[in-house]
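In what follows, chain A forms one complex with chain B and a second complex with chain C.
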Partner chain A sequence: MLNAIWNQIVDLTIVVVLFRFMTPILLAALGGLISDIAGVINISLEGLMLLSAFTSIAVCSGTGSWALGIAAGAAVAVAVSYAIGFFSIRLKVDIIIAGFAVNIFGSGFTIFMMNKMYGQAGNYSPPDLHNIPNVNIPFLEHVPVIGKLLSGHSLMVWAAFILVAFCVALIYKTPYGVHLRAVGEAPDAAKSVGIPVRRVQYSALAWSGLFAGLAGAYLSTGMTSMFVKDMTAGTGFLALAVVLLGNRNPIGILIGSFIFGLASAVTTIVQTIPGSQYPTQFIQMIPYVVTILALVFFALRKKRRHALAV
Partner chain B sequence: MKTSKTLYLDITGIVLAALIALVCGFAVILVTSSDPLAAIKSLLVDPLSNWFNVGTILNKAVPLIFTGLALSVAFQSGVFSMGAEGQLYVGGFLGSLIAISLPGLSPWIHLPLIFVCAMIGGALFGAIPGYLKAYLNANEIVTTLMLNFVATLGTSYFVNNVFKDPSSGGYARMEFFEKDLLLGKIIPGFSAHAGILIAILAVVVVHLLMYKTKLGYELRLVGKNSQFAAYGGIKTKRVIIYSIMIGGALAGLAGIVEILGVHGTYKDNFSNGLGFDGIIIALLARNNPIGVLVAALFYAYIQVGAQTMQMGSDMPRELAVIIQVMLVLLVSAQAIFTYLKQRYAKDQKAVK
Partner chain C sequence: MTILLEMKEIHKVYPNGTAANRGIDLTVREGEIHALVGENGAGKSTLMKILFGLEAPTSGTIAYRGSPLKLQGPRDAIRQGMGMVHQHFMLAPSLTVAENIVLGDELRRGPLSMFRDQLKEQDEIRKLIETYGLKVDPLEKVEHIPVGQKQRVEILKVLYRGAKLIILDEPTAVLTPQETDELFHSIKALIGQGHTIIFITHKLREVMEISDRVTVLRAGKTIATLETKNTNQEEISRLMVGRDVLFSVEKRPAEPKDTVLSVRRLNAVNEKGAPVLRDVSLEIRQGEILGIAGVEGNGQTELVEVLTGLHPASSGEALYFGENLIGKSVAEIRAMKVGHVPEDRQTSGACLTSSIAENLILDHYRNPEFTWGPFIHKKKMKEFAKVMMQLFDVRAASEEAMAGSLSGGNLQKVVIARELSKNPKLLIASQPTRGVDIGAIEFIHREIVKRRDGGAAVLLVSAELSEVMSLSDRIAVIYNGEIVAVLDNDESLTEQEIGYYMLGVKKQQKEVAAP
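And now, the complex of A and B:
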């Protein structure tokens, strides 16, 4: 097994696989981060991704345009995020419960629509889908190592990396970012200085919907070219974990997604080795265990600081 | 203060919410079905049209009652656990191990042992997030969600590799239990198994525990106001761990009863979300044990209705999801309930 993994490291296949797996985690986690910072914890990333994955593949195969597909998927995810906002901020449903409801909804409604629109129960793969294109960098793509490292990745992979920088700028360099953090840390204080708390909360949810939407669109029209029921398979929860693992900061989230993507990549590689007898369950378990350990670590550190301060 | 009038308002509100949720489901049927009336009929009437379906409703309600109770105990003490799914797997797994590893033991000793082990398994697995919350203030929503994956993946490994029945082929399960360990039918010929009796017993026990014992009082007080409880001398940390462990034990029971009543052995991924359905049940029931019984029966009725609808019309059974989601959102919309109560209070004043 180690031999096979080593071979894939040497010929850099693992980098390609890693980027494919970390992109949806990274995108969804960035969305989770923004809503988390504003104090509206969005646990519905999983459901939003499913809704967007289905919408984008349906629109993409209908219109032949991947861009329209992404736009439609993201739009649906944003709209549903607003609905979460309406129920939690306006009707005072606990935000965890609202998010939980959207997770059930996303799983069930996509199966329902797949059944109604295409008569399929388990998966839908349109014959000639125009996927999100790969970016082949001229000249570089033929250079041995660098070519494989940098060229040939999906456009969405690059978009995800760029969006990390975007989030850093948004959260730490703009007045809006200050509002986000203020609303998250002390909503009453924020209100007293005239920050429109509700509007900021709605907008934070909308951001998380947008990012989860991009992640979902990538799942169905970039990473694969099909929709499979419950195809997110816990990615949204991984993203939630990454937000905490990354200590609620975009760069930390980039690193966290890298670790989780690596665990998924290794799992896939081990599973695809012919005649592999290795149990992959424990590799799959790594991200979750790491997250719990990280939570414990952060908590202990906080406790110690607290003790020192007192 | 919970007077009988506010209780009455709460129940009316929940029933109204259920009706509105059903109407939402009907609306979707009207829009998407070619024969809406047949679909609605097969959704509402068919589950009750014969004894077999009624028995299926009872069987479906059994694990939901247990997980609903499990989560209502945790919720009442202010622990927002989402971990019933994982606890259910661990409890069911441990109970099943006892079931296959002690052949020939008298069922009178064996069966209680299985139940106890399933409860211990669930309780210990629940103790982890409980401890993390109580002593490290780690967010229990996240830890329980993560531990769910640890539990499903871990048990999946063992049932695929170590304890797999060699004769099961490609299907990951343990060897089938001895026949006399399984929960039989209550009445011969009626499809409901004896799990429903155990579930009703559990409802009574949890009700007594929550409302008639000191521990139950402490649990509820910590949930209402943990600082006040601590001020009053209650060891809140210990109470939090107890509540989630009791929840875990009930979730473990859910798993083993489902195995003994329906599956006959431990199968990989046998739960498929029972622990999450329990969250809905607890919400609908407002954490009241008797409410859990009613909510679980209603929920099971909708689920069976969705299946009969899938067979009897052109609607897929996922339609039930729309009803479930609306139900969850409407029932937990505090603003609506506060509004109703204010309206009611105003009317009372106007009368006087």
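And now, the complex of A and C:
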């Protein structure tokens, strides 16, 4: 069996699978990051992803345009994030509770709509769906190793990597980024110099909605070509763990997503190897075990660093 | 001198009917240092909120540079050339000094650029630092700089925004004497550069030291505006409180008797594992007040918490009449007649959502005197509360009023009343008069001295050096978790001397109170 895994590593299939798995985690975590540094942590990434996944596949199959699908999914996620903002910032509902409500709503509502619209209970896979296209790089795609490494990935994979750089610039290089950090850390200080605290917090939630929306759209119209009930399977929560693990900065999050993506990729590869003697239930636990281990590691490291700092 | 700011007949009534300002006049001349004093609740902060555009006055006029001023918010005030240095620092700890200074007014690389021009920002800040002599490293993170420098960052912040009129809200509350001197130096430099200062404070000594004129507020009204050189502390305090106030605490020399508490080589770490108390050794005897002086955050809080059972000690002992307090629970320690006035009355001193009466018996409710079977004897509780409120001059609608509705001074009196009503043999008082007005301070000080004379041992911890000096018989100075000096509090002891120990510049050579 190890041999089979090794073969997949050598022929770089694992990289392809890794990119597929890390993209939704990475996108959602970037969204979680922006909301977190502005002090309005959006724990509803899971629910937002489900809402977006369903919306985008519905629009995509209805119109035949993947771009419209993504746009619709992201728009819904942004709108729901604004609603969270309305409840938590304006009406002072605890943001964790508002976020949880969206998670529950996202799961239930998508199943309900799938049933109403398509008469399906478990999953909906429209025929000849126009998926988010893959980017095949001319010439390069035929070069042996580099071709497989760089070519043939979904457009959204590239978008996710570019968005990491975008977040670095946004958070550290623009005045808006400083405002985000100031609002999250010392809202009174931000207010005293005339920064519109609430507006910045709304915008942070909107960003998190946008990113979670992209992640959700990719799940249904990029990674797969279907909507499955609760298809996020904890990706949104995993993304929140990645935010902490990545030390609340985009590069750290990229690394964190890589680790979790790898865990999922290994899981998939092990599962698809014929004649595996391990029960699938155990194999499927890998990403979650990695989450727990990673968080324990993170906590220990933080403790040690604090001890050293004084 | 031209008049820079004229506030006339300012009234402010909040929607709930509270009249915070009931006719305040304030005239500030250009280039002066104008002190604004008044007890808590006299209307100072409301007035400043109005001036800074955070609140709109119910009636009254404001003229600034001769023309009427209408403000929509703090941004307008800033644009008019006003700047406020808040009492609680308005800084984001993980941002750099430079980022905090320019926050909200970042420079961009071009009119259309999305990006910050960090180099240009730093240049501008360096220029400011040079002009005003406010030394601080623009690239350091705010969380890593000491309090005195944080305040400089606050001042640089308002200067960066081009403030001509600078409001300083109790700027010395968190500073050591040396840092205060530096601040005053900077303030004078600002005046030299043509700025005008409104200086809000509780400390009349500072008013006398630095201000040109002083406006006294009481109960939402302007009582008087005086030339500082023609007045004195006694007059100002009389105007503030409305009656004569005793400044120095009247007390006889201490007559210390048996040792009550003997702390030996006490060590403790914080939750991150870093040492916060290092080999602390102290002795407190019956009939004396031992004051702990030190810049906040040097282990005072932990020392008090260890002695009262709230924080574990990693080694050492604290013998109270020969019995070790370390390892005992809070309830056990309290049952041994140790009274504790916690430093934060809002979070650990009182339960804000309970009534005054309930708060007063918080430490006594197990006492058979207040119980009726498993229940609390309400009637006895209320009777007790009424007596206590009278004895300790707690001003409230009734003993059933919520503790949270009391002003700081009255709430503190409730806490003090509770702790003193158990007749403690050891009273540990942490910041007993923080944020309490002059009248109440006088009262609390008298009560503490009364207990001392009654034979109790008192451990007093205060960030106010003047309080430590006026109350204590002996003063222990704590620096970085270590007792660096134990000094007899007599005439020869100066604030400067203690200040050196507080900053860790000096340290008593011989081992203090060797076990």
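In this section, the second predicted complex is superposed on the first by the 278 of 310 C-alpha atoms of A that agree within 3 Å, B and C clash if a C-alpha of one lies under 4 Å from a C-alpha of the other, contacts with A are read in each partner's own complex, and residues count from 1 in each chain.
The definition used in the following text is that a contact is a pair of C-beta atoms (placed from the backbone, for glycine too) under 8 Å apart; a residue touches a chain by one contact, two chains touch by 3 or more.
Predicted, not measured: the structure shown is a model, and the values here were computed from it.
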item	value
Touching partner for A:Lys92 - first (chain B), second (chain C), both, neither	first
Touching partner for A:Lys303 - first (chain B), second (chain C), both, neither	both
Partner chain(s) touched by A:Asp11 [first = chain B, second = chain C, both, neither]	neither
Per-residue contact with chain A, leading partner among chain C and chain B	B
Chain B versus chain C as contact partner of A:Ala182, first or second or both or neither	second
Chain B versus chain C as contact partner of A:Lys116, first or second or both or neither	first
Set intersection of chain A contacts, chain C complex versus chain B complex	303
Contact footprint of chain A on chain B as seen in their complex	32, 80, 82, 132, 136-139, 141-143, 145-147, 149-150, 153-154, 156-157, 160-161, 276, 279-280, 283, 316, 318-322, 324-325, 328-329, 332-336, 338
Touching residues (chain side chain A, partner chain B) in the complex	41, 43, 87, 90-94, 96-98, 100-102, 104-105, 107-109, 111-112, 115-116, 121, 234, 237, 240-241, 244, 279, 281-282, 284-285, 288-289, 291-292, 295-296, 299-300, 302-303
Chain A residues within the chain C interface of the complex	169, 173-175, 178-179, 181-182, 185-186, 188-195, 303, 306-307, 309-310
Parts of chain C lying in touch with chain A, wherever the complex brings them together	73-75, 78, 84, 86, 88-95, 99-100, 103-106, 108, 114-116, 157, 161, 270, 272-275
